[in-house]
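The first chain written gets the first letter, and so on, giving A, B, C and D; residue counts start at 1 in each chain.
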Amino acid sequence: MREWRYLLAEQRGTLVAMAIFALMFTIYVANHPAGLTSNVVQTAANKGVLLAFVAMAQTLVVITAGIDLSVGMIMVLTNCLASALVVGTPLQAGLGVIAVLAAGTLCGALNGTIVIYGRLQPIVTTIATGAIYFGLALLIRPFPGGSVHEVLADAMTGKIGGVFPASIAALAAVVALVWVPFSRSLAGRAAFASGSAEQAAYMSGLPIRRGRFLAYALAGLCAGAGGLFLTFFTYTGEAAQVSGSAYTLFSIAAVVLGGVSLYGGRGSAIGAVFGALAFRTIGDMLFVFDFDALWQPLFQGLILMVAVSLGAFGLLRVRNRLDWFR
Amino acid sequence: EPKVVSGPADEAECFAPWKNDTKFLSFDAKKGPYRIALANGYIANTWRIQMVQTAKAYAAQPEVAAKLKEFKVVSTGEDVPAQISAINNFIDSGYDAIVVDAQNPTAFAPVIRRAKQAGVVLVAFDNTLDTEDAINVNVDQKGLGAIWGEWLASHLPQGGKVLEVRGVAGTSVDTDRHDGVQEALAASGKEFKVTEVMGKWDDAVAQKVTADAIATNGPFDAITAQGGDTGIVQALIDAGHPFVPFGGETENGFRKFCAQYADQGLKCTSAGSGPAQVAVAMKVAIAALEGKTVPQAVKLPLAVASEFKAGQDYFPDASDNFFVGNSFPTCGINFTAQEIMSQSQTNQ
Amino acid sequence: MESHAPLFRMEGVSKSYGGTRALERADLTLRAGSIHALLGENGAGKSTLIKVMTGVVAPDEGVMTLAGRAVSFASPAAANEAEVVCVFQELSLIPELSVADNIVVSNPPTRFGMIDRKAQRLLAEEALARAGASDIHPRALVRDLPLSRRQMVEIAKALARKPRILILDEATSALTASDVDKVFRMLKGLRDEGLGLLYISHRMNEIKELADDCTVFRGGRKIASYPAGSKSDAEVVQMMIGREVSSVYPAKHRPEVAPAPTPAAAPRLELRGLSWADRLHDISFDLHAGEIVGLGGLDGQGQNELLLSLFGVLRGVEGQILVDGKPVALSGPARARETFPGIALIPEDRKTEGLMLPMSVRDNLSFAALDLLSHGGVVDAPEESAAVQRMIELLAIKTSSPDVAVGALSGGNQQKVVIAKWLLRGPRIILLNDPTRGIDIGTKQEIYRLLRRLADEGAAILFYSTDYAELIGCCDRVEVVYDGRIRRELVGEEITEHNLIAAALNIVPAAEGDARGGH
Amino acid sequence: MPAFLRRADPAVLIAFACILVLLLIGSIYSPGFLTAKYLLQQLKVASFLGIIATGTMIIILLGHIDLSVPWAMTMGAMMGCAAAALGPVGSALAVPFGILCGMAIGLVNGLGVAYLRIPSMIVTLASNAVTQGLMVVYTGGYAPQDAATPAMRFLATGETIPGLPNAALIWAVIGTLAILGLRRSVFGRAVFGIGNSERAAYMSGVGTRRIVMLAFVVSGGLSAFAGTLLAGYASKASQSMGDTYLLPAIAAVVLGGTSILGGRGSYVGTIAGVILVTLLQSILSVMQLPEAGRQIIHGLVIIVMLLLYGRTPAAR
């Protein structure tokens, strides 16, 4: 009895994110002219998965009480890279995929190195490295272009067995191969702990630096996976600064909707994934409701505002005002 | 699946083929009225707002409205995948035609294929799509740059120092226009020393970088800019820089300045692709659905002006941010500023 | 196991923080199978010594040997590796992790490279049981535990590391008698197993009960090492603070001298049927000007909540609070401190509720009284400096200047800053939550005198303490809390350790006389 | 060494030294960088960023962040211009009305952060989106008047003291108020206190929620004010005119030595940061490099400068 209560408390953020997503998606599908078809699900999945990757990346950094404002740019850079490398024979494309993911990881590792060993504040560090990554992307793609291994791309954005979106499967695979082992490892625990109370984590003898470094590097990997998927999705590479910044900001929104604490130490990438899907569904609502074109951004903003305010209902239950402060 | 037919197009005046060898297409006629969608990307700038307003105004014209069962607009933001998803959704929801102002010309291959399979007419404008499987309503971006470049070259017999204020790095429009300018200047055979700055198609940014460029690299003998031109003239005025020949876009504010300071040396050519091209794109889409013959790539006339008459080439009472050049007489499309910007929600 | 061979030795160790010399050529010898107490006033350098020992800070000079081999730890992790484990004064638990996660934090059991949560859970339960804290659920978040429970978790965490040397730096400061008992039993067991234990506490009775050896520090220097029991209390105190302390507690009100609480006047503070959530039930008592009233009972029985409710921190408090006979609605500390005649609360956890650690002593001291020290929203700097200086002197806060960050003060001095910052307002109702936690005996005496003086000047004081001796020594009356209710009111002579414990444990006093004769 | 130098924070001194180095490097490229005209022009442009950074800094000192800067600016500018359309009275009240609109956004942020306890990063992101939506509706639906008023022009580009742009003067006034306010006022102390530990500040009887809300209102107002000035500079208001100010403002504040976690920082540092960012952007923009090179150098320079003086102390 007490046991499941604790479990519930641990997973509350994730469960709330799931609930928000389920609610929104139900509304969306119920109003969609085509209804719940595998095409509609696939379209929503492909779009959501991109942000989910970036949100996962952001989660990894946010649990260490940092923030990564370069995730969007890593995605843009790896998108440009993939549009040049994931081509040719299946073997070459496969090697290209590895190279792209490695490049993403490298970007994350660079962020981590500067933040941890240079002891700089993550927010400006990643603003600066974001500019560098965008510059590199521009070097690779001064204007949009490139291509991708189309069979691979279609497989990754298509449907498994004609029904299940392959992109969701890929996302699940990354969660299982990156997030789960990380969060269950000593390094992952050190990352959480340093986000929650760095001094205490140090005094407890945790490998803080290793944990944080790994978090940043894996964040780069996830953002790189996002860039790869962007390429699969668009068959092309583009050094798009605005969309890089947009993804960065969206990732923060997704992370918060996903129940990850921006103060560090608490949250799950799985929650962030649902946060990302929920956030994307906000955009999809425009499609099913007949809003005038000019009112759409306002409508979208208001839904976001309402969604993030939902957490405030918890305040009504707060009986000790000290609980306001984290 | 459209048939490739021989030209000319049905409304040959309006639907001019892009090139001599452009294919002509004829889709199987569908019975109207039609469901047409406009998939827009970013919306929070004046050009796009004006474009959406024009689209709504056009759809509301009685003869057009009669052919439409539904006209739906969705703006998805900067994010290309979101726009792709919107088009996918339109396809799945059974729209007859989709008009796209693409965020990126190269990114739509998969969705173009799907549209083709589903028999949906896809018409791209502004940023066209690199494909033969969709109809492009083309503004010649590179040609636009060339117009500015040639015009500057003709106004600088000895060559000289040119300030080029570019747009947003990494986009195809910026690259195309830049290439057009550069090639035209080079082709003139004169000596030009070009200073490039990035103005992001934004007045305040363009004004700042222009001011900096003047202070450190100026003075210049001529200027060309892809956008933010009003800000650039403002920077000239603020810096006390002499007025010089200026090849720029079609902002109302820019043309106001050009008219005002013409006699002080601010010679301008103002050319661009007005937001009203959306109406042409919609017209093409309807024509295609009706089974008429249309070129695969339609060449839009550019709105070019070097003399500025109030009330015709610019509107003294309208906003500086307004884009002039909203008439395509050959297509029977003529909007005034008032018609577009006071098109409010209620009178749709 | 040779009990004479020193397990650990430290010689000539010095450590400076900027200009502050925290340790000066300090020596220490710890025998295996013994409990060694470190004594010294606040800021004497005890915690610094421990931090050097466990690799938290690097010493400027000096050598350390462990079982005869020279050692120097680069980090707490390295010290743990060598089985030197410490419960730090400023706890080192991770608030967002569960109790179990915390207990095995740096060395969790793994399976296929991943943390094995079942095994971890078992380890944690075992460690909690050994520490005598089986009441704590291993899946609870540390964030949600009260301070005393956190201290127990911290002890369990140290045990789980299988130490050879176990150091407890004021690890019992928030514990009440029953917890202390359990911990002591455990510590004695460890001693018998041959561990070396280093024990720091400001509670003299604990040291008397536990220690085999004692070392006294003052001003960063070792003053003396001696076998426990070989010196009298007076001598020890003399060594610690450099002067004699005759009687720790000031005289209480004797009705014939000062009939202070005149029943005619309305009580300064009156609680009528206070209830809150399931933590407080129907609490009623009065608090008169000139009185020091204690709150007793085991820790976590609702005393903290009671104090918080009087400070306006809790929502949905039922019942009435009257100040000077008039009902007041307290919507928060801001209202409470302005409610004439002013309520002050010295909170439970100084680190999170009392202080802004990175800010200067000055900023902290004046923080709660800036409204009084400013004109038109602008702080009057000279007035502020004068007030700050006055408080530093009044409480003998040991700091090189008011501009030093509070975080750099020793634990006890930090606590003094918390008290001083509220006294600066001159409040008439003072609520104290274990205010002398971690304060040395000399300062404690000063604080008791101060409280008594404030009471004599007309303040009403409500004083929660986990230390029974303090309740007995200081309070005119003690309300013993059990499970959110006032279990018993003890007045004057009734305030004895026996009665306090009996009421705290909710043992029905069969017949007053019998009970007294009992133990 | 003069006393004021000895007292100053070494980080701030190094930041100012970096400014000189930047200028010297620029002057190798073109002597134009050392002319009074160029420097005054930079000061004018820096003033807009400086005013925004003032608000941003107060928010960062609280341990929060304000992502609604871009559209608060735009809204301030557009609403100011809109007020001008209402005739002479509107024209006179244009700037205050713009500021008021910005404060309204700040109020929403403040309520969300302080009273609903939503993380600031997300409330301000949402309010930014809502404001953008409002401005799109407004622009599309009401044939807006968006020309700057003469007063806006005067405030942004006029010169009361010959040679010195008014914008710089305004920044100087706001900066002085900020320095005094943060150091000397009860509000300033509360801001630092909350930034270090909101819980402790609350338990000290400070009305932390009111202070936080007030800070957001101030920040929104300052953003909008900068927006009206920018409209004056460009002689008109336009959509997304604020987009290029958000990250530079944060970067400037942090480059100036303010801790993003709150509770630590000095306004003099922010001044240095603002000038650094403005100069760096300006010098890079006129140097004839490919945009890719500019971006990379921009990032590298910021990191190198932070490594020079912006490192947080080691754990041990």
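Note that in this section a residue touches a chain if its C-beta (ideal position, glycine included) is under 8 Å from a C-beta of that chain, and two chains touch if they have at least 3 such contacts.
The model shown is predicted, which means the values in this text are computed figures rather than measured ones.
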{"item": "Touching both subunit A and subunit C (chains)", "value": "D"}
{"item": "Chain separated most widely from subunit A, comparing mean CA positions", "value": "C"}
{"item": "Winner on C-beta contact pairs when B-D is weighed against A-D", "value": "A-D"}
{"item": "Rounded Å distance, subunit A centre to subunit B centre (Cα mean)", "value": "34"}
{"item": "Whole-Å separation of chain centres (CA-atom averages), subunit A against subunit D", "value": "29"}
{"item": "Geometric centre distance via CA averages, subunit D-subunit C, whole Å", "value": "45"}
{"item": "Residues of subunit C whose C-beta touches two or more other chains", "value": "56, 75, 313, 332, 353"}
{"item": "Contacts with two or more other chains, residues of subunit A listed in rising order", "value": "137-138, 142, 199, 202, 294-297, 321-322"}
{"item": "Of all residues in subunit D, the ones touching two or more other chains", "value": "132, 136, 140-141, 199, 202-203, 291-292, 294, 316"}
{"item": "Which chain pairs touch, all of them", "value": "A-B, A-C, A-D, B-D, C-D"}
{"item": "For the subunit C and subunit D complex, residues of the former touching the latter", "value": "56-58, 75, 311, 313, 332-334, 336-338, 345, 347, 352-359, 363, 366-368, 370-371, 374, 377-379, 381, 421"}
{"item": "In the complex, subunit A residues that touch subunit B", "value": "32-34, 37, 39-40, 43-44, 46-47, 50, 137-138, 141-146, 153-154, 157, 230, 233-236, 238-243, 246-247, 280, 283-284, 286-287, 290, 292-297"}
{"item": "Interfacial residue positions of subunit A with respect to subunit D in the complex", "value": "69, 114, 118-125, 127-132, 134-139, 142, 198-199, 202, 249, 252-253, 256, 262-263, 294-302, 304-305, 308-309, 311-312, 315, 321-322, 324-325"}
{"item": "Contact footprint of subunit A on subunit D as seen in their complex", "value": "67, 112, 116-119, 121-123, 125-134, 136-137, 140-141, 198-199, 202-203, 247, 250-251, 254-255, 259-261, 290-300, 302-303, 306-307, 310-316"}
{"item": "Parts of subunit B lying in touch with subunit A, wherever the complex brings them together", "value": "38, 40, 42-44, 49, 52-53, 56, 72-82, 84-86, 88-89, 92-94, 103-110, 168-172, 174-176, 345, 348"}
